[in-house]
Amino acid sequence: MTQQTKDKFNEERQILNELVMKYSSKISKRFLNLDAQVYQDGELDSKTKEMMGLVASLVLRCDDCIKYHLIQCHDHGVSSLELEEILSIALIVGGSITIPHIRRAVSFWDDLQ
Amino acid sequence: MTQQTKDKFNEERQILNELVMKYSSKISKRFLNLDAQVYQDGELDSKTKEMMGLVASLVLRCDDCIKYHLIQCHDHGVSSLELEEILSIALIVGGSITIPHIRRAVSFWDDLQ
Amino acid sequence: MTQQTKDKFNEERQILNELVMKYSSKISKRFLNLDAQVYQDGELDSKTKEMMGLVASLVLRCDDCIKYHLIQCHDHGVSSLELEEILSIALIVGGSITIPHIRRAVSFWDDLQ
Amino acid sequence: MTQQTKDKFNEERQILNELVMKYSSKISKRFLNLDAQVYQDGELDSKTKEMMGLVASLVLRCDDCIKYHLIQCHDHGVSSLELEEILSIALIVGGSITIPHIRRAVSFWDDLQ
Amino acid sequence: MTQQTKDKFNEERQILNELVMKYSSKISKRFLNLDAQVYQDGELDSKTKEMMGLVASLVLRCDDCIKYHLIQCHDHGVSSLELEEILSIALIVGGSITIPHIRRAVSFWDDLQ
Amino acid sequence: MTQQTKDKFNEERQILNELVMKYSSKISKRFLNLDAQVYQDGELDSKTKEMMGLVASLVLRCDDCIKYHLIQCHDHGVSSLELEEILSIALIVGGSITIPHIRRAVSFWDDLQ
């Protein structure tokens, strides 16, 4: 089940990413490269960074970004109880306007379990 | 017709809200409780508050929030002429970037009539 | 006191508005005209519309817009208890990120009393 | 192919725009009129203005607005190499949160070719 | 030095918070209470949560919120090297539009050291 | 006059940029580098790109970003009549919430003349 949800998301993402590359200037390509690097282990570990990416995506209300970071958080061992606390922070910071995104987030997370 | 549009929206919402509860910390639950209370009659009546909730949802461009408040406004007796003026305020404050959300809002409102 | 706070705000606004006019195309001028009209009495009364303008300004976090609508709300007889409820809606919809703007709003409102 | 993609988008838009008109106050109608005029040739040519409209839509992350301006840019002769540079500006200004919108933008643009 | 920067910030905040309380409904007070609780130790420790609060504040571009979480991060032992990585995430997610806020953030952080 | 306004802005910016560098990871430095490159002549000329940067900054309501691009636009020969049209696009796309930023923009632009 997990694998299927992830595979579908990743497959669609892959197809679109190839199109992004087709229309990417050198600067865009370098930016996408930085985007891939910024969540890697460093002073802070990758799990912490992915949780930060998730909070940022939630308060900025970007469903695809949320799904991406949910998969990453899941792969880095974030538990459902930890997720609850991440969602609370997003909800308090971002307010009720984030609720529809949180609805879709928990639905996706539930599929990942 | 009205009833069907509302029922479909409320049903989907209900299913997702149960998932939200499944992954809600105490803090999130309390927040959701406040969210339910804030539009109730007080110094200002509930109709006025729902119209404010609608304007806020329009300028923040959240389609699900817009639909929710459209249903509430409809239930509180907001007329189509009043809706026009609410949409104008949102359009002037939020600019043309709100137009696609206004398109979907009037389509949903028209179904509610 | 009220008068002084308002006068200072309106005076600065006036000076800048003349500069805006100096650099306004016909389209901008027409837009500014619509902006002035949209809060006037119609199906909904002006007080209700100014309260909506205030909520929109709060969730979009624009301090100058908030101050402008606070003055308008004050002039249209919005009470401090009504203001409390408007602030609650903005706080719940927009989340804790609106708090600094609410701090400045109540400070300005307090001067207006 | 181009024509089909455009036609589908324009058709859906047309249906919804009629509903918008049905629920539009005089002020909303005047605003929609200004929105139509603001991209016309003036001191700056229409192509430049449409590219600006596209950048604004990308950083504000409005998919329908992006599609609309992509069609306009295409009609005004914006090349794929020029599009790449527009996307780069949006990506650098707006950050990775714009990536899902850029994915959908290039997919739509690719259909237009 | 640290103490002075913090004291000034906290003092101004305190004065305004008293005004906020003066104009707070029960719902607002409860919300402010939740806001205070959400960063406390739980499944995730307080340091991690404050770093998340900082990232959220940076991408939502709220200077006062940023300062507040910088103080909290400092008090929870976030190092300057860790801060660098938090800023990088905010910069990549939020884009160049966050740069002026990052400028003010590092200036405030530097005073805290 | 022009020179003085610019000099003051650039000087303050310079001081803060050195602090940004002090707390910048490799990734942040690379991002800042891309930010500097993205407005350079390419398929589109630098003037067009700076005007796009200005529109993006206006609709995202970032005063420092607006000032920066106003200086760049001024240096690239953007006329006051062209500026009027750029402001109109921002005003129509972003709505009345952009007005306070437009006020400050025209005030800065007027100083630059």
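When the chains are written out, they are named A, B, C, D, E and F in that same order, and each has its own residue count from 1.
Following the convention adopted for this analysis, a contact is a pair of C-beta atoms (placed from the backbone, for glycine too) under 8 Å apart; a residue touches a chain by one contact, two chains touch by 3 or more.
In this text, all values refer to a predicted model and were calculated from it rather than measured experimentally.
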Exercise. Between E-F, A-C or A-E, which shows the same interface as C-F, counting it as a repeat when over half of the contact pairs match?
Worked result: E-F
For this session: Between B-E and A-B, name the chain pair that shares the greater number of C-beta pairs in contact.
Result: A-B
Seminar exercise, completed: subunit C onto subunit E, same sequence, C-alpha superposition: rotation to the nearest 5 degrees is 120
For this session: Could you grab the centroid distance between subunit A and subunit D? Build each centroid from C-alpha atoms only and quote it in angstrom.
Result: 27
Exercise. In whole angstrom, what separates the CA-based centres of subunit B and subunit F?
Worked result: 37
Exercise. What whole-number Å value describes the gap between the mean CA coordinates of subunit B and subunit C?
Worked result: 23
Exercise. Just how far, in Å, is the C-alpha centre of subunit F from the one of subunit A?
Worked result: 31
Seminar exercise, completed: Where subunit A touches two or more other chains at once, the residues are 25, 27, 31, 34-35, 38, 42, 56-57, 59-60, 84-85, 88, 91-94, 96-97
Exercise. In their shared complex, at which residues does subunit F touch subunit E?
Worked result: 13, 16-17, 19-20, 22-25, 27-28, 31-32, 35, 56-57, 60, 62-65
Exercise. Within the complex, which stretch of subunit B touches subunit C?
Worked result: 31, 34-35, 38-39, 42-44, 48-49, 51-53, 55-57, 59-60, 79, 81-82, 84-86, 88-90, 92-94
Exercise. Of all residues in subunit B, which touch subunit D in the complex?
Worked result: 61, 80, 83-85, 87-88, 91-92, 96-97, 99-100, 102-104, 106-107, 109-110
Problem set entry | Complex interface listing, subunit B residues touching subunit E | 25, 27, 30-31, 34, 37-38, 42
Problem set entry | Footprint of subunit B on subunit F - complex, ascending | 59, 91-98
